[in-house]
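Both complexes shown next keep subunit A, but they swap its partner, so subunit B is in the first and subunit C is in the second.
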Partner chain A sequence: MSMEKWNNIPAWIRWPIYALLGILLLTIVQGVSDVDRLTKVSTSREMLRWAVPIFLAGLGGLFSERAGVVNIGLEGMLILGMWFGAWGSINYGPWIGLLIGIGGGAIGGLLHAVATVTFNVDHIISGVAINILAPAITRYLSDEVWGSPTTSPATSTPDVYDLPILGGGTVAGWESPDLLLEVTNLELPFISDVAGLLRGLVTNLHFVSLLAILLVPFTSWLIWRTRFGLRLRISGENPSAGEAQGINIIFYKYAGVIISGGLAGLGGAFISTELSGLFQGGNSAGRGFIGLAALIFGNWRPGGVLVGALLFGYVFGLDLKDLDGTASHALLLVNTVVLGAVAIWAATKNRVADTVLAAILAVGAFVWWLSADAVPGWWSNILPYVLVLLVLVFFAQRLRMPKALGQPYAKGGR
Partner chain B sequence: MTAAIELIGITKRFPGVIANDDVNLTVEKGEIHAICGENGAGKSTLMKILYGMQPADEGRMLVNGEEVNFSTPNDAIDRGIGMVHQHFMLADQLTVLENIILGAEPTNGGVIKFKEAEAHLAKVAADYGLTIDPNDMIESLEVGERQRVEIIKVLYRGAEILILDEPTAVLVPQEVEALFDNMRELKAAGSTIIFIDHKLDEVLEISDSITVLRHGKTVASMPNEGVTAHDLAELMVGSELPTPETSESTVTSTVALDVREVTVADEDGRNVVENINFQIHKGEILGIAGVEGNGQSELIDAIIGTADIRQGAMSLLGTDISNMSVRKRRELGIAYVPEDRHVEGLMLDAPLWENAALGHQTQSPYGSRWLINRDGARTQTELIKEEFDVRTPNIDVSAHALSGGNQQKLIIGRELTSNPSLLIAAHPTRGIDVGAQAAVWEQIRTARANGLATLLISADLDELIGLSDTIVVMLRGRLVARLAPEDVTPRDLGAYMTGAATQNSDEAA
Partner chain C sequence: MRKLLFALAAPVGAFVLTIIISSIALWMFGSNPFSAYGDMLGHAAKLETQVDILNRATPLYISAVAAAIGFRMNLFNIGVEGQYLFAFLIAAQVGSLVVLPQVFHILLIMTVAVLVGAAYAGIAGVLKVTRGVNEVISTIMLNAIAITGLIALLQQRWQADQENFTSTTLGTNPIPESGLIPNINGIVEIFTRDIGQGKQLTGMLIVAILVGLAYHFLLTRMRFGFDLRASGANPFAARAGGIPPKRMVVAAMVLSGAAAGLIGLVELNEKAKFSPNPIKGLGFAGIAVALLGRNNPGGMVFAALLFAFLDVSAGILQNTQAATKEIVNIMQGIVLLVAVIAYGVTARIQSREEAKATAEALRATEGMEVAT
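Up next, the complex of A and B:
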């Protein structure tokens, strides 16, 4: 099938196929390298727990950058969300906690908007300032409110759910079957691996995880089908053109950046109230930054951000229970195959330099895999950034960042 | 009958310049009104004031007899005024439809009714005889089509008074004809059009009345009848109408640029320039004719070094430049006037003297390998300003404070004063007034007499025929014809450019 025909298939069919191919690859690698963690339930469950905050931060970045404002301050906004979410949850219960967390992040967003849009401060500088400010502010607040600069008391945590039928959830008192568990237990090659990974996505589900998944179609709809979305996009593509059509660019830039902060804040509140059950400095673990990486990886599209977040979440989730580094080591083989595929793809496009580079990297990953039994811990920490760098190197021409991203905007300029 | 537009005593000052000085303008309903004037005369500024983009310092505006006071373009749009800007205002990565409905989206609770918008667009387009595919991305469109999008954008909102700022500058002759047909249709449908143009024959062809601005003042306003291009030139710049004729040939036998079997691929691996061969001698001007998008830009990119070649070789004065970095090529004496001054020509937010150093920053007098020589650069910039008549209060203003034509003059000056051995000039006089045009032609001719080799690309076929020693025609990435300018008319050239006429390929190669 030609590339063009393939690209005409709707994305919601294409991506599951990619995902299945990916799992197939994992299964094969797993067979070769004698680890079983690559397709376990616990791995995909950890993946989701990592991926959700990354995704929310990345989606936040999408709103801001679609409006033309670079938001490197996502990490700081996420930290604000973590603190305010915990505080709200302790005082008013988990649901209000999430809302207050959103508010905390949005305040960070507002700050960024005032600096970059109104005062034309360089976007990176303002973002970095917020990243420095946020931990300091939350430290101070923690000390004032809880008497300890680094930790809060336990938050109240909302319930988790299992989906009925697929994951054995209970509906109106009826305990439904746990279909995926049964398939997993059959130990069929590949099929049981898929079921195992899927099961991690439908059991022990947090409300926010569900919400996050629903945000993908919602955001796509908002960005591409509504007036708000169109005007948000013009603010990041060509603000003067929007202005000449009578659009209040400043408003949309503010809106984008504040929503951005709110989403990052939700991600933070999710971490403190649901994942760790308390506010603890440092628990953000750089997920705001990785969200930004997911945004670039996902080509500034909601579905792409989700894919990026899941991928990065997988790497971290795998690493978490991988104390001896063997599972991450097995991933090297996956890298080899993927880079090999990139090399072949580049070769069909006559891109000599890319082909050579991808081939060298593929061989390098393979040699590393052969020569060691485990990889050091830092490797999985930097892997997301390595992936983004690779995407930038090989697919830069396909990336479509907003045209006026990062540029100062002055009303009435020409 | 009340006039559609009446501007009374409009004055607008910028730091160091008076862009409009007590300007009066009356435009009758249903007429095509041309505004002419040299670069920096204040035409664009006046139009921006009328469109609510910039406030006037003094003066009154009447629209259909009613006094108005615009503070944003929205106010002007509400009064039925629409403007197509000198530099396009489109978002490349949005579709035609999205660009058009922006700001006037039909919605249902905030959700855009794309079907309805598309139907309305189809109706507007049909009413005025304009065709466009609403779902194309802007980035995939040719200039002429982009312009059409700009015009439809304005009509979509029901504008009855259209302002077109230099609409023909970027068009090839066929497209200009199409635009004029559209303008006549619009007029027949009752619209009023104000348009700005530096090409006097075009002004005379299409307009009902003409207003001439000079140094920010109205110097004349008259009906078209009986006016000649000569009169207009006289009014605008106080001089004779220039023609782009070269004097006797200065072509030498030394080859400056040698391009052999060059092929360039685009990012998808398709060949957009295929197996091109040509030589330019010292003292020769080689003109490339072709409808935009037939590989000219890619060929230029390859020679400048901003695109890699897939096959072939290029040398300049015997030195192989095929794999040289852009900077090395520049240092070797390649000068470049890009087709879009805002994209490749200038740093709009930087002062003029920095812009003058751009591309020559490692060479005297602008600087050395590591450092910029401020004084040298400034002195040189002053020189360019004088010699090329760049109208600006000083060389410290940012480039976007210059009028479009003066930006162009700065670029030409920068490139020609660098003592190049090869000049690549894409539309060198685009947006330049008739007086300055003559000066630029003269500068190019002088440089040619001193042995400069020039590769000229221009949508202005008279310019191409008048200046070139040899003309080649480019179609779908190949050179399809080689012509002598003495015995070719713009009409013939147009036929070759569109593929209607052909030459057997031996002759072309």
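Up next, the complex of A and C:
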């Protein structure tokens, strides 16, 4: 099948095929290197828990950048969401906590919108300012409210669910079968691995995780099929043309950036209420920035952002449970194969530099894999960031960002 | 005169607004803003506090210059943080391995720090021009890689006493006396009373001043500085004028990283080693200082002093309990955000006035033509 035909297949079919190929690769590598953690249910569960805030931040970035406003303030907005989410959940319970977290992030978004849209401050500069201001605000508030600048008391969080039938959840008192568990227990090669990874996505499911997954089709519909989405996009592609059609560009830019802050805030609230169970300074761990990387990786599309977030989340999640470094070691072999594939792909496109670079990296990963039984902790710590860099190194030129992204806009072209 | 008014309006306005907003924040949580400000100013009037402020302003200023070099051509080197910490560690290790005559030893350590910072920043520059990777994302990732990866690894390997380390022996081996820049208390004491409490004014202050002067001459007197500003102001015109854009990107990143490499030397000279918990955040604070000082060598001096004053004031607020010490970070954040907005507003008013003046001048000449 030619590349063109392949690209004509809808993305929602293409990506699962990529995912299956990826799992197949993981299965084979596991067979070779005697590790079972790569496709365990706990790994995919951790992946999802890591990916949700990354995804929400990335999706937030999508709303902002589709409207033409670069948002590196996502990290700050996520931190605001962390604090306000924790505060809300401690005082008013888990559900209100999430809402207040969204509100906290949205305030950060509003601030960014005022600076960039109304006052035409450079988008990166305003984002940097918000990233400096947000942790300062949360430290101050924590100190005043909880008597410690960096930690809060324990927060509360909504209960987790198992999806019925797939994950053995209960519906109206009826205990449904746990299909994926049964398939996992059959221990069939590959099929049970897929089931194990899938089961992590449907059991112990947090409301926000479910919401995050549902936001993908919803956002696609909103961005591509509605009047709001069209106007949002025109604000980021060609605001003057939109203005000529009578669209209130300023309004849509504000809407995009505030929604962006709200989503990042929800991601932050998820961290402080669900992941760490309390507000703790520094717990954002740069997820806002990684969300931005997921946005770029996903080429400014909702499904792509989710894939990017899951990919980065997988590496983080695997590292979390991989105390002896054997699973990350097995991952080196995966790196080898993937980089080898990139080298071949680049060679077919006559991109010499890419081919050479990918080949060198593939050989390096392979040699390392051969020469050691485990990788040290520092390597698994930096792997996600290295992955982000590598993805950008090989694919940055294939991406298409909104045309007027980062450009100042003034009504009437002043 | 009018121009000066414009230049001053934004920072003064930002300062006033910051005071108002922080006062509200203090008052909301039951602190008396006036007694807090009073404590801060009274504390800053002491010579020893001023030494602290200068010691803090020194790395902030160098960090600001590093960020400003990038900003001048619309490059955002968010990676100063990782560059200086990495350079600090390597320089401390290299410095501890040798004993040389003082001048050479100090120069060696500085050279290593500058080269490491430059090389690490250079990666982002090269990735940008060869692979089209946005430098904001790449420097953020390189920060994480340096801090959680490379530094963690090397620090462990270079741990001074591998067998039985205690909290005092943690870190790299101490650098011999010959590698350290002496303090410059003596110079200050010519004009003032003796500095007490064992405070030492860092010799790196002189380096920071030299860095500021070099930055000033680079921008105003050298071809490269002109190219840098031209590329930042209008990349297309600069390119048409024969300035190679790719080379400028890499050069600006490398230069920015070179300056970043010097930041950690302030702490290195104070502690004579890379301690396991070095002062972090100077890279990000430097970005704030650069923005506040509008990338101007003189403006950044004031901005660095202001930020240093606020940082140092945290201690006295904690002592007197006049307010939560975290308020100083809020003030830093607010002054930055308000100032960048104020700069944007004055720039817009100014350009509008210029346009108006031009239009009027044009109309006047047209009128003259009609008359003749």
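Couple of notes before you dig in:
Rule of thumb we're sticking to: the second predicted complex is superposed on the first by the 406 of 414 C-alpha atoms of A that agree within 3 Å, B and C clash if a C-alpha of one lies under 4 Å from a C-alpha of the other, contacts with A are read in each partner's own complex, and residues count from 1 in each chain.
Operating definition for what follows: a residue touches a chain if its C-beta (ideal position, glycine included) is under 8 Å from a C-beta of that chain, and two chains touch if they have at least 3 such contacts.
Keep in mind it's a predicted model, so treat the numbers as computed, not measured.
Superposition model on subunit A: subunit B and subunit C are shown in a clashing arrangement. By the touch criterion defined above, A:R49 lies against neither subunit B nor subunit C after alignment on the C-alpha atoms of chain A. Looking at the shared chain after the overlay, A:H329 reaches neither subunit B nor subunit C. Looking at the shared chain after the overlay, A:I72 reaches subunit C, while subunit B stays out of its contact range.
In the superposed model, A:Q397 lies in contact with both subunit B and subunit C.
Of the two partner chains placed by superposition, only subunit B is touched by A:N350; subunit C is not. Looking at the shared chain after the overlay, A:E243 reaches subunit B, while subunit C stays out of its contact range. Comparing subunit B with subunit C, the partner in contact with more residues of subunit A is C.
Common to the subunit B and subunit C interfaces on subunit A are residues 397. The residues of subunit A lying in touch with subunit C in their complex are 72, 111, 114-115, 119-122, 124-126, 128-137, 139-140, 143-144, 149, 286, 289, 292-293, 296, 353, 376-379, 381-382, 385-386, 388-389, 392-394, 396-397. Chain contact summary for the complex, subunit A toward subunit B: residues 225-228, 230-231, 233-234, 237-238, 240-247, 349-351, 397, 400, 402-403, 412-414. By the touch rule above, subunit B contacts subunit A in their complex via residues 48, 51, 53-54, 72-74, 77, 83, 85, 87, 89-94, 98-99, 101-105, 107, 110-112, 114, 153, 265, 267-269, 310, 400.
On the side of subunit C, the complex with subunit A involves touching residues 25, 29, 76, 78, 127, 130-134, 136-138, 140-142, 144-145, 148-150, 152-153, 284-285, 287-288, 291, 324-327, 329-330, 332-334, 336-337, 340-341, 343-345, 348.
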